[in-house]
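What follows is a set of structures to go through.
In the two assemblies presented below, subunit A is common to both, partnered first by subunit B and then by subunit C.
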Partner chain A sequence: MDLASMFLGGSASAMTSFFSLTFLFLFLPPCLIVYAAVPKAAKKYILLTASLIFFWLVSSVLIIYLFLTVLSVFLFGKWLDRIQIKMKAALSKTEKEKRKELKQQFVQKQRKVLLLAVLLHIGLLLVLKYSGFFTQNVNSLLWLMNVPIELEIPKLLMPLGISFFTLQAVSYITDVYHGLVKADKNILRLALFMSFFPQIVEGPICRYSQTAEQLWNAEQIRYKNLTYGLQRILYGMMKKLVIADRLNPMVKAIFDSPNNYHGGIIFLGAVCYTVQLYMDFSGSMDAVMGIAEIFGVKMPENFQRPFFSISISEFWKRWHITLGTWFKDYIFYPVTSTKKMKNLTSNARKKLGNHYGPLVAGGIALFCVWFCNGLWHGSDWNYIFFGLYHFVMILTGNMVTPLANKFFKKVRLDPNCFAYKVFRIVRTSLFVVIGELFFRSPGMGRGFELFGRMVSDFSFTGLNNVLLKKLSVDVQDFIIIAFTLAVVFIVSVLNEKGVCIRDQIAKRNIVIRWCVFYALIMFIIIFGAYGFGYIPVDPMYANF
Partner chain B sequence: MKGFLKGSLKGVVFIAGLMVLIMLSSMILIPRNNREEDWKHDVQANGILAEPENTIDVLFLGDSEVYSSVNPMRIWENYGYTAYCCSSSKQRLWYTIEFFFTALKTQQPKIVVIETNNIFKFFPAEETMMHALDLFIPAVKYHDRWKNFKFEDLTKPVNNTHIENRKGYRLYKEAAAADVDGYMDENKDSAYISLTNLTYINIIADTCRQNGAKLVFLSTPSTKNWNMKKHNRMVKLSEELGADYIDMNLLIGELGIDWNKDTRDMGDHMNYFGAEKVSAYLGKYLSGTGILTSHKGDPKYAGWDKALKIFNDDANKWLKTLTSFEDA
Partner chain C sequence: MDRLIEILEDIKPDVDYATCETLIDSHILESLDIISLIAELEEEYGVTIPAIEIVPENFNSAQRIKKMIERLEEEY
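The block that comes next holds the complex of A and B.
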């Protein structure tokens, strides 16, 4: 057993869940106490130390990856900065007519540095995360070609949150390249931005401009931040422990042996998995936001009530927002803004018109985004299919929109009427559920098999108490899940209308405020799916 | 300073209020009886709660090795000693110690036997903390009991009435031959026992000493779980604690264990036939200690004779269905 594991009696892996007792009772309270006790100037160092300890406890010696990433990003940033300074100096000394050419030389140089940095970091991620998948596919290809060679599948250990901190690293370097942020001269500030412990497990994927300064100028814990933060953590805990973890045995049973069930039950499993994933991930995000809020740090939101979306495109603007915007800013825009793509757009615009013309180049960029999105989620074909499924859905949506609008005009139907909006929400949710069916399936073939059964054998025959027992759930579980979902729905509707529930609670007198806290805590204690008879469920997005 | 004091006071009052709520919900949720339908966990092991006070001579503690190998009915039948298996599946030492102290509330066992398999099982701090919460906050341990909560429970006192006729033993009929390759091969090394586990064992040993109970370590036959490294460590530990140590894995011949017929799952656990042999040996050992006296004929223990009859009837009915020994 390594030193990091011994320190927590082997509980280190439990730390990845912000709702584990190890995190809530052993890690977080000492952090808060020490943070509150030290003077303001030392607070940032406490946050950095806590973040590194957290990373070390979970990933042990693999923390070296984090150190190397921080060091590399720091040096690349400085390199770009130096080129920019030199460029400014050189441009000021150069005659006006020669400036463009000279600037181009420096830009080329910067591009090379950026390319090197991106290749290095994304390359490391690809090697660690995808070399097994790649080798497996090469072996399959060799087998198909009757070549008697089988390559050994590498098993590499991945540090905690590499998919998240690598994207942060790339965004920082790219932003420095674009001059959106200045290269950080303080490696510790950069290290804190990259490793801040609440966000390292499941994100959000922050930009340097969003959190680096906030973290470095960490403030004293304020009463409002503490209570607001705790409320958000409890709300997330309710989503995870009462809904997501309670659904887990049923989802697991259906997806582990789908052959035992009719299509209707598989559909039910896919719906439950979608709910589970949302409650698990958004619940963990609530905890991340809540913890950061206690330290006075405002992190970018990762969810904005995605199941109120009226299209898949909108859904992905509300679900895992920071990943979506990362892909938009660092893949979609760079692809569409290349010279070739611009030419393609202008040519297509002439031939296909103003709506369909830009869709050609946009479609290519969109394909790149969704291919990467699928691959980012996991190294298997079902994840790639998951990405491409959304690509097709979004592209189809874009193509169909003008035709649909024409149709509505013709039949004099108001596309903004409530009933149609509800229909679109349900339709979007259904498409999401189908996507998640492939996402959860062990392999793409299995995904198609499940989808086929769902369509061809759609029946709820046999859905009775005996089956529920087999699925490790009972009617009471569904009642409590439905009740809690209703609570989440009401909160979501209010949030959608711009009502901040926590502000509303804060306006009430102490009795009501405390009653809300007590009710939430007791609700989680009594109705949470933990302890005897339950298997703890690791945060689902920590694996991506 | 005034603000800090005010804030601290608020915090204390808030936590006190929360404690009251948790205590109240614990009182509501705690099972009113030791039956499965009352949401009691591990009912076989918790059957000890309904045994009349000070009627258990020997307390067996441990994981599935215990309830698969030790049959208190046979010990009663042959020697008139009362034994109880407070064992549960994958029992960790934190659970062992909980059963130990629960049993001590109503019983004064003269001999406490700890099966050694779980002494080597490592468990993370997360589990220890969960157990601590379970132990001190019944609302956490029995939180799921809302599913079968009845309003009449509010006025009902806790009354454990469910007596387990098999006294924690579980009869397994299956047989699957074990592979004995490398089993108990010579090895001079010692296995590692975690500090937490050692602490738990020391607490049990100290309590036994204070209560005048004899502590015995027992390693039941298991090709999958036992080896010489663990044996060596247990020899050392039992010497340190002044406890007896029986390693049945070195007494396979004497016990007459047949690894083709006496195990239910390829050497992991004993089945009925293996348990018969283990229990026969244990009865002899217990008798040899000279600590225990037979309760046969004592009207206070009439329930044990009834339980034995029920057990034998069940076992014989099943045994008769076997056309040959190989059917087992």
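The block that comes next holds the complex of A and C.
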């Protein structure tokens, strides 16, 4: 492909990876140079233009979906705003006793607008993402019922990041409805919030109050932001290119033909896939945070060292945090806050006590959250199973906790002791690996087949150099991966203790600072997986 | 305030509610405790606590919970 054709709409799909040469050398530097050169008042327009060009280069005419979404949330926001203004005016003219009733009428009106907006946006996402899956299942049902009809499976093109920007759109409209943010009167500010190029591929899923103003009041690039941002990008690049992409051929080989391997190798494949996914996704997030930081924008963190969690519940508070927060704010609490659910909680508490009482309504809300979480990740049964698996794990964890505490008291064991904490971390990681096995499997049936083999035939027989060669890895790969994982582990432990590595580097003299920079760059150049013999791996969460 | 602390202690004992200001941030009150607390507060004070009020700023300390209740009582 020549350079000119790379800049035609939809021709630069490689740019979805922030570590691709196209993005790092052809897209990002011109953005930074133009951004730095223009006066402050123009910076926001540069960010918006860069974001739209990025979207156009990756998705071509599908950019229309982004335009329509921005226009739609803008108009819905204004509609809600008009009702709120009318409500305030009406309430100020009404006696105190009648205000509650009047307010309720306006709230009902707003609720209808909100419902329409949510149905429209989530409906569009459902049609684009799940109509194929739905038709496939209808066909299977018709076949089972011996009905000789086969519906044509629709093949709809999905624009980049629709699962992410749709959630942002719904969050904005809901926050306007609740009065948490004012409806934006500037469609360009809203467009920048929805389309900011580093976050459109894999998130993080931001709330309007978190980033819209920061992006619109874009600042001059400062030395500290530039160096801190670049360090974060390099760290993410190391995770992605040295660990995730190096593991990819092996994971692919095992999951593409699992019949060739014993259960132990499949387990190894599941562990490697879990590591690959974490390094790929969190590495990309490091790049997103780093790029945003250069522009002086602080985005909400998406990861907080998830593999230090002692329970699945805690794991999901540290993994893909912005998605979990979205589900908590817009599904879990709204479901548990309905009148029926509150009554259910009150009654259940009286009968079942403080711990198990709230689990009844909480369990129903958790089911909704995890069903949606599974479905959000993909249109197949294995994703739904993945969601429900975590629902069962979290609910079971909550149910077992009081019994476990009683047991520890009886045997006089301190549940906070180091050894037990390590055991809980390992156990949680093992549960996560099993979940990811289903997540990576092509279909739920295949997932159960792999899990069955892993349990019934847990053997590493045949794990030798010949097999490793077949899996496109060698001992050197494992040494490089293990060393890099050790670096990530040490950094994570320090972060967990509240030490900011970048602050520590910044305190050193210029020679040490540049040595660290060069060492990291050289490490990635020497040990990164790219070039001949490697297939570039798209960001794994971009497909969701 | 005493009654509020009683309710909190009933839901999650062994916490110093008089001084703790990070009930949510330090994961002392988990989402299921919040569900219980809301049901109990609504019953005790006759207010409605909508989902929008469930933010750390309103639940991080007993003092903040009290302020939220007073505000909601005034609104209705």
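We adopt the following convention: the second predicted complex is superposed on the first by the 534 of 544 C-alpha atoms of A that agree within 3 Å, B and C clash if a C-alpha of one lies under 4 Å from a C-alpha of the other, contacts with A are read in each partner's own complex, and residues count from 1 in each chain.
Just so it is clear, contacts are C-beta pairs under 8 Å (C-beta built on N, C-alpha and C of every residue); 3 or more make two chains touch, one makes a residue touch a chain.
Computed from a predicted model, the values in this text were never measured in an experiment.
K.L.:
Touching A:Val38, do we find subunit B (first), subunit C (second), both, or neither?
P.N.:
A:Val38 contacts neither subunit B nor subunit C.
K.L.:
Output check: A:Asn398 vs subunit B and subunit C. Expected answer is one of first, second, both, neither. What do you get?
P.N.:
It touches subunit C, and subunit B stays clear.
K.L.:
Report for A:Leu156: first if it touches subunit B alone, second if subunit C alone, otherwise both or neither.
P.N.:
neither
K.L.:
With both complexes superposed on chain A, which partner does A:Ile525 reach: first (subunit B), second (subunit C), both or neither?
P.N.:
First partner only.
K.L.:
For A:Phe517 in the superposed arrangement: first (subunit B), second (subunit C), both or neither?
P.N.:
A:Phe517 contacts subunit B only, not subunit C.
K.L.:
Who does A:Leu494 touch here: subunit B (first), subunit C (second), both, or neither?
P.N.:
In the superposed model, A:Leu494 contacts neither subunit B nor subunit C.
K.L.:
In the superposed arrangement, which partner chain does A:Lys328 touch: subunit B (first), subunit C (second), both, or neither?
P.N.:
After superposing on A, A:Lys328 lies in contact with subunit C but is clear of subunit B.
K.L.:
In the superposed arrangement, what residues of subunit A touch both subunit B and subunit C?
P.N.:
Subunit A residues touching both partners: none found.
K.L.:
If you look only at subunit B, which of its residues touch subunit A in the complex?
P.N.:
Touch list, subunit B to subunit A: 7, 14, 17-18, 21-22, 25, 29, 41, 122-126, 128-130, 133-134, 139-141, 143-144, 146-147, 194, 196.
K.L.:
Which residues of subunit A touch subunit B in the complex?
P.N.:
Going by the criterion above, the answer is residues 8-11, 14, 20-22, 25-26, 223, 474, 476, 514, 517-518, 521-522, 525-528, 530-533, 536.
K.L.:
Across the complex, what residues on subunit C touch subunit A?
P.N.:
Those residues of subunit C that touch subunit A are 10-11, 27, 30-36, 38-40, 42-43, 49-52, 54, 76.
K.L.:
Across the complex, what residues on subunit A touch subunit C?
P.N.:
100, 178-180, 313, 317, 328-329, 332-334, 336-337, 342, 345-346, 349, 354-355, 357-359, 361-362, 398
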